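Here the structure comes first, spelled out in structure tokens, and everything after it is commentary.
Chain naming follows the written order as A, B, C and D, and within any one chain the residues start at number 1.
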Amino acid sequence: MTSDALVRDYDTLRRDLAARDRGLREKVTTLEQAATLVRDGDHVAIGGCTLSRTPMAMIWQLIRAGRRNLTVSRSITSTEGDLLFASGLAHTIVSSWFSQGIVWGISKVMRHHVENGLAAFEEWSHMAIGMRYRAGAMGVPFVPVRSMIGSDVARIRGDQVKPIRCPFTGEEVMAVPALNPNVALIHVQRADPYGNAQLDGLQFMDIDIAMAADKVILTTERIVSNDQIRRAPDHTRIPFFTVEAVVEVPYGSVPHECYGQYEPIFAQLDRYAALIAKDPVAGARQYLDDYVHGPKDWSDYLAKVGIDTLLTASRRGRVIFND
Amino acid sequence: MTSDALVRDYDTLRRDLAARDRGLREKVTTLEQAATLVRDGDHVAIGGCTLSRTPMAMIWQLIRAGRRNLTVSRSITSTEGDLLFASGLAHTIVSSWFSQGIVWGISKVMRHHVENGLAAFEEWSHMAIGMRYRAGAMGVPFVPVRSMIGSDVARIRGDQVKPIRCPFTGEEVMAVPALNPNVALIHVQRADPYGNAQLDGLQFMDIDIAMAADKVILTTERIVSNDQIRRAPDHTRIPFFTVEAVVEVPYGSVPHECYGQYEPIFAQLDRYAALIAKDPVAGARQYLDDYVHGPKDWSDYLAKVGIDTLLTASRRGRVIFND
Amino acid sequence: MTEQTTSSAYTASELIAIMAGRLLVDGQIVFAGVGIPLLAATLAQRNVAPKLTILFEGGVIGPFIRPGELPPSTNEQRCTRRANMVLPSTDVLLLLQRGYVDVGFMGGAQIDRYGNLNSSFIGPAEKPSIRLPGTGGGNDISSLTNMIVAMKHEKRRFVEKVDFITSPGWIDGRDSRARCGLPTGGMWRVVTDLAVMGFDAETREMEVLALHPGVSFAQVQDNTGFPLRRAREVGVTAPPRREELALIRELDPDRLYTA
Amino acid sequence: MTEQTTSSAYTASELIAIMAGRLLVDGQIVFAGVGIPLLAATLAQRNVAPKLTILFEGGVIGPFIRPGELPPSTNEQRCTRRANMVLPSTDVLLLLQRGYVDVGFMGGAQIDRYGNLNSSFIGPAEKPSIRLPGTGGGNDISSLTNMIVAMKHEKRRFVEKVDFITSPGWIDGRDSRARCGLPTGGMWRVVTDLAVMGFDAETREMEVLALHPGVSFAQVQDNTGFPLRRAREVGVTAPPRREELALIRELDPDRLYTA
């Protein structure tokens, strides 16, 4: 992908995909190895939304690995966006909304970076981002939508959205450009060693992201056998041939939630909010030191979050299945 | 819908939808009552595909009720298409493929009607039909595709498909027009009294059809409680507010299959093929007399098909869950 | 008749939630944000509108939120409790475009005379003094359906012209919204702690429809950064009833959204 | 080396299935029709290409069809046996457009010199002498990926110009396919009971690449309605092996597709 082209041309898109090994093969690996699949400067799409199924362990590993200059896109961006900016991992975040969450107020880290021109928050409407991924997933260069019309959200996008006339009705609608990320990071409840993934509950834009991307790095709460997948193929949501790496990471979304597994770790989110409330730069740096660079591995990070905290979040996560 | 407009204009589409009662209300009714929701001249979309999850009981009831002049669309059309033509129910079938099935050869009934100009088989590519429903489901007047280009399949559609230039890449792709049927007939394994429907296995285009249509008539193998639906909302595929009638019809796809419930009734399909092989007109008329007009109700029809036959088909249908 | 309350008995947020909830009609499909909109919609659902359906941006149709377990956003599992359906977030937004949604219901940071909302930038977009969190689904919702906005009534929030149109209202008034290419929807009601406002059918300027108990028109105008119109008959809303307050407090016992 | 067979030991359909199956490569994603294409792909999968994935138009990724339970079309539950994923049929077709598919593999009713297929009309479309069943996914598949077609070699099927282009091959030859707006895919191989054919890289005319055992070029030409090209070196295919035939017969014991 030429990083300055808004829409990859179809010949290149097809050639890039034809070069991928789509054979049925095992892809189980480690966070460290999976991180090598992301190159500096890539466009990385992040699955989940806000505090849900964020592929936090993979983001955490990419920060540790020192990747730089990523463009990151996500439907809605929460604390992981702060860490992406504060660590220097991403210089641009493409999203419809960016803050820790409504109960914690506006992200001071986002504000610091954007208001001082240190990084960019490129705003699209939620549906427009979804339709950009969907166009990318479908292999068409654009799709028509009926939002982002008449607003400044469209105006500041300049030539990135364009009116288009329907050849049947003559009416004008808005064309949004396809988005084909270089890498998609997606966290799921279950996947097999080939990368066939099942999602419980909220899917967000993950399926479109997987189909649109050049490769998917899948983290999963649990690796199950391919036999289990084949027993209920109508529950598979992401097909193996989109996936390049499968990493088993229990609690891989902490401190965010994973549907049916654990709720957000509110204590940890409050602690983070308190840290950056005083000073977004020093606070974020301290959080990175303590929770990203400090731990010797993901389990060590989880230990710092606290086993009691995790068990409480798990109990809360599972109640969704109690009714 | 003005029946001669290829794409309904957006104001009308929105007004038609705004007028629908989308409140959470019970909609359980009979085949007879549900049939009154279809008016002569309507565009009726049929869910399922080929020999799968065909809403046969509802089609059967519409023939008995003497509806006329329907335009019918379906991804792939099998024996139900023969009956639609032979009964005079439909004058046009919009589909990508139309015959009983590859093992029975070309449909003599379809040939008789089309070659003699008695009815029309309007051919689109399979994906184009799917994307027409999808555009209708999304509320946009067209979507771009990369097939039906350079072929006579596009040429004979005349102004119904049109090239469109991507405003970002400058390349030309094909625009296919939205399709918003007046009625969708869909058969499912389970639905609640409000019309929340779960589908097992192959979905075909049913979700897009449901979202695109003015109303859905749902037939279901089984009505379950709303409580059951709410226990696994991520298994719901069709939301209640698209649905206008829910009819419980066990074996509602016979002689076609219903995933996980029963396989096609091959003996019945062979019998039909033998009947029309001799004379498409007389054979189809006899089949309609014997199996559609003759039985006093759907159970009586099933009795004519034969209980042993149904049990065998059910045993075969359930083996999909045995592995 | 049920017992009424005096204004000292509730917070501004509780008042807004209750007054906004009363605008919903049974059988409607309501695309709701978390916070006040969710509380208001749930209140309506439990009190007078059992056939009302709530949609969440995260991809949820028809949930029943459990009291005391309010979701932190529209995108966590608490949003799906006892829902009828969960679907991809792009597809729940497309329901707006297809026309399945009666009302969009959200909070607002800044609104102008024509009901345009800003949740993106304070100051110029190129060099903002405050970068706000952005549109989320707000732009989609307000482009495609009829809107109710619930917000605090403050002069800095009710401005002559928003710095940035994140979610389009009536744009520049009259038929400018339709001329922009938005033939459907539009700002319908603004509910604050002082009053309920609508928009003149012709000019599309904001107008006061009803004042909350004990509030004067002058008081509303004083807290508004542009001249407000008055409806031909300005009503007075009925004060919150005890059972409305009780339900709000049952739903939000920790006062996460109603402090 | 495994035992070979003589031509009296197999049917034309079995020969076509075996020869076509040999063209598939391990790891490929193959969009297959039922009948010969499915048999051929399954044969390849079991013999030499365990990482090969079959897609069906009905919305199926990676099934393993059970011997003796061949599906009647690509749209019944037998198609989903032991599959990795089931998805809406529109979405499985979109995989072609995105580029995930290596090979499309189907039968053909009528083919011409440039590999265009007709499965719609014999005679003029306005007043056909035979209305055929139509494209199904054929148009989509042949527009968007590299094609293998398996069919009986008969003069009435191999025509100078098809009555109707249902599934585009190389259109009028040379770069006409790309100029039409189809930058990818194209007809790659035609496998019959007489030979394996490809298309000249420049003119895109059909050319014989290999003859089946005991078949002469003249015999192929005699059964073809246009002048065939010969590849620089025309090979001879290895005869079906006993285990290939055994597997075909295990898969289709009732000779539904291989009579």
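Following the convention adopted for this analysis, a residue touches a chain if its C-beta (ideal position, glycine included) is under 8 Å from a C-beta of that chain, and two chains touch if they have at least 3 such contacts.
Keep in mind that this is a model prediction, so the values were computed, not measured.
Q: Mind listing the chains that sit against chain C and also against chain D?
A: The common neighbours are A, B.
Q: Between chain pairs B-D and B-C, which one is joined by a greater number of C-beta pairs in contact?
A: If we tally the contacting C-beta pairs, B-D comes out ahead.
Q: Between chain A and chain B, what's the gap in Å when you average each chain's C-alpha atoms?
A: Centre-to-centre distance between chain A and chain B: 37 Å.
Q: Based only on mean CA positions, could you tell me how far chain B sits from chain D in angstrom?
A: Centres of chain B and chain D (C-alpha means) sit 29 Å apart.
Q: Between chain A and chain D, what is the gap in Å from one C-alpha centre to the other?
A: Computed from C-alpha means, the inter-chain centre distance equals 40 Å.
Q: Could you list which residues of chain D touch at least two other chains?
A: Within chain D, the residues that touch at least two other chains are 60, 80, 82, 86-87, 94, 97.
Q: Chain B: which residues touch two or more other chains?
A: Answer for chain B, listing residues that touch two or more other chains: 10, 139-140, 145-146, 163, 173, 201-203, 230, 234, 323.
Q: Using the contact definition from the top, classify how the chains connect: line, ring, star, complete or other.
A: other
Q: What chain-chain pairs meet the touch criterion?
A: All chain pairs meeting the touch criterion are A-B, A-C, A-D, B-C, B-D.
Q: Help me check something: in the complex, which residues belonging to chain D touch chain B?
A: 34-35, 57-60, 72-82, 86-90, 93-94, 96-97, 120, 125, 127-140, 143-144, 164-168, 171, 177, 180-182, 256-257
Q: Inside the complex, what are the residues of chain D that reach chain A?
A: Against chain A, the touching part of chain D is residues 26-29, 50-53, 60-63, 80, 82-87, 94-95, 97-100, 102, 183-184.
Q: In the complex, go through chain A and note every residue touching chain C.
A: The contact residues of chain A facing chain C are 49-52, 75-76, 95-99, 101-103, 106-107, 110-111, 114-115, 117, 121, 123-128, 130-131, 133-134, 145-153, 156, 163, 172-174, 201-208, 257, 259-260, 263-264, 266, 317, 320, 323.
Q: Over in the complex, which chain B residues touch chain C? Could you list them?
A: Chain B reaches chain C through residues 10-11, 13-14, 17-18, 21-25, 137-140, 194, 196, 211-212, 226, 229-230, 233-234, 236, 239-242.
Q: For chain A, which residues are in contact with chain B within the complex?
A: 6-7, 9-10, 139-146, 162-164, 166-169, 171, 173, 175, 177, 200-203, 230-231, 234, 323
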